[in-house]
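Before any comments, here is the structure.
As written, the chains take the letters A, B and C, and residue 1 is the first residue of each chain.
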Amino acid sequence: MVTEVKEGYVKVEFHNGITTIEFFHPQSNCLPARLLEQLAHAIHGAGNDEHTKLVILRSAGEKVFCAGASFDELKAIKDKEQGLQFFSGFAHIINAIRTCPKFVIGRIQGKCVGGGVGLAAAVDYAIALDSVEIKLSELSVGLGPFVVGPAVERKIGLSGFSQLAIDASGWRNADWARRKGLFAELHPTAEFMDESIFRLSEALMHSSAEAMAELKKVLWKGTEHWDKLLIERAAISGKLVLSEFTKKAIEKFKIKGIKE
Amino acid sequence: MVTEVKEGYVKVEFHNGITTIEFFHPQSNCLPARLLEQLAHAIHGAGNDEHTKLVILRSAGEKVFCAGASFDELKAIKDKEQGLQFFSGFAHIINAIRTCPKFVIGRIQGKCVGGGVGLAAAVDYAIALDSVEIKLSELSVGLGPFVVGPAVERKIGLSGFSQLAIDASGWRNADWARRKGLFAELHPTAEFMDESIFRLSEALMHSSAEAMAELKKVLWKGTEHWDKLLIERAAISGKLVLSEFTKKAIEKFKIKGIKE
Amino acid sequence: MVTEVKEGYVKVEFHNGITTIEFFHPQSNCLPARLLEQLAHAIHGAGNDEHTKLVILRSAGEKVFCAGASFDELKAIKDKEQGLQFFSGFAHIINAIRTCPKFVIGRIQGKCVGGGVGLAAAVDYAIALDSVEIKLSELSVGLGPFVVGPAVERKIGLSGFSQLAIDASGWRNADWARRKGLFAELHPTAEFMDESIFRLSEALMHSSAEAMAELKKVLWKGTEHWDKLLIERAAISGKLVLSEFTKKAIEKFKIKGIKE
């Protein structure tokens, strides 16, 4: 199933008990509202599908896993309500992964920026290339990593999250991210990475679905309030995005783009 | 005092203010119900003993610190009640360490598997050999690290715990465990390790018992609900262990054993 | 503004939106009650100052960032009330940093001992020299890191905090502290460190004050009870400091001093 949106797509494939969800956007895999919605929808679907035992989340392309929120859409936000709605898109994806009774493995082949770091943090087990770099750039554009914050802090701890969030223009390398706990494994090539994903998937396909569902619950214990919390966070970002400061910063940032 | 059970033993020795508790089982120091009970009892005893200022937990043998639950006993579990009771054995040990007003130092000379990782995580300060490897193998046999989970997550964080629990067939080395926080120190030989345990014990024997008891309380603050939580967790494992899946997986695992 | 106390000082300088707070004490930058009070006051002031966008906390001298509580004053404590009051000094500083709506960057040029580790942990972003060493020596003198504990644990986790607190005579090096999350960055020379502080300060001066205030709130979420908690902790230290054990240990420790 491929859901094409204006630009980019979310593709869902089912094979031998594994649902693979792939997203793509021509602007460095950034996420406009429609893709955010489709992603959350796809994850929900895989969670409810009785034949799916495992979910793999990946993106197309080689240089960037996900550049975060779409700057074109950020710029177009006119009022608090639109702001809340846009940022809730990330909340819905994270909550979809969180409440999905199956493990979600992340395949991180390239840079993660802003909300992209949030996606990488939200999956249950992230396998990445050792060339990956990450950045929580929100503060540079007058925003903050409010919606993705709980997911990032849950994985890399308060200290790592503080460092990323405050030093918003600094890239951290894959090794830093692995040491902090964002990535479970690093691999030198896509081939090795895919081999490792295959190995882990095989092992999990031979595991008890009931045991995995119980383990998933245990690993996310204490996040039951995120349904509400992440929407509250979306409201903070939705308000900040309206400021002159942010509008100008996004414009400047957009011109520079991500060095791929 | 040596409490011999059918196979294996729990040995308690008191010397100069230090109570050393050693366990042994011929099958890779795995723990049947009787040893679990004796261990919890020994730790409680040391906690209540007014002459004991410090507790050292160790196992006999060289290759394996603790292989976790006894597979023979897991296989023999017939109903939920028996399952709950067996897994509560680990809950009682962890809660005994937790509520013991003295520090418990762990001497980790070999592999830790499943519940064995839980023991290493539950002690207040673990000193290990740099050749040690650890694995949370529960998912491989249709179970999950439910009872020991809170102790492991408390020490190595949610991310490290997720990695160990999901990649259930992968050994992690001592350096990984040290970086994540499971081990406080690594040493190249048993001699160096014992020297370091001696050095730390000496320092603690010259410390204020009152200050140590207050510190112990502070370090375990927020775990007061574990009395109940770990038993709830034992019920999850006690239910999963009854499935056909688990029975078969344990049989297969048992034949392979731990490569020592 | 320089507030000189009997010995040592707290100096507050404002320049281009940045308030820099520097403290000094001739005994290895240890903190007597008056300096503790002045520091908390200075941080409060910077937090309330509408022209201040960023706070930098530093100390004078080269070898020691902060040696913790003043031993002279610890020795002079006569009853629980005085004890509570003295240790509350650290609580007030940590709570001042915590509630300050601006980020506090720490410049850590030398050793951190006891309460000094607490200060380094309480700042939002600590930049240190790679030659720095840290120690939570409280247990060695019959006390414990009770007041600073929540700040240290928040940054380096329960495991790192346990290690530091229990092995109270062991120095941990800067790399250990960085890996655990106490320091965000390490630099080989004061020049490089100051360059990095300048770079980060510049970036933050060009960031949205509103976004930073929201981010600060998010990063300290869940610590609202520290107002009360840290004072309770001060009471524990304030009681322990009265024991013969502690009086003697402080005397001995004082003679040895910090090897600078």
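In this text, contacts are C-beta pairs under 8 Å (C-beta built on N, C-alpha and C of every residue); 3 or more make two chains touch, one makes a residue touch a chain.
Keep in mind it's a predicted model, so treat the numbers as computed, not measured.
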Subunit A turns onto subunit B (C-alpha superposition, degrees, nearest 5) by 120
Taking shared numbers over all numbers used, above half giving same and below half different, the subunit B and subunit C interface sides are different
Separation of the C-alpha centres, subunit B versus subunit C, in whole Å, is 35
Going by residue number, subunit C touches two or more other chains at 157, 179-180
Residue positions on subunit C within touch of subunit A in the complex are 103, 124-125, 154-157, 179-182, 184, 200, 203-204, 207-208, 210-212, 214-215, 218-219
Counting only contacts in the complex, subunit C reaches subunit B at residues 138-140, 142-146, 149, 157-163, 165-169, 179-180, 233, 236, 240, 243, 245-246
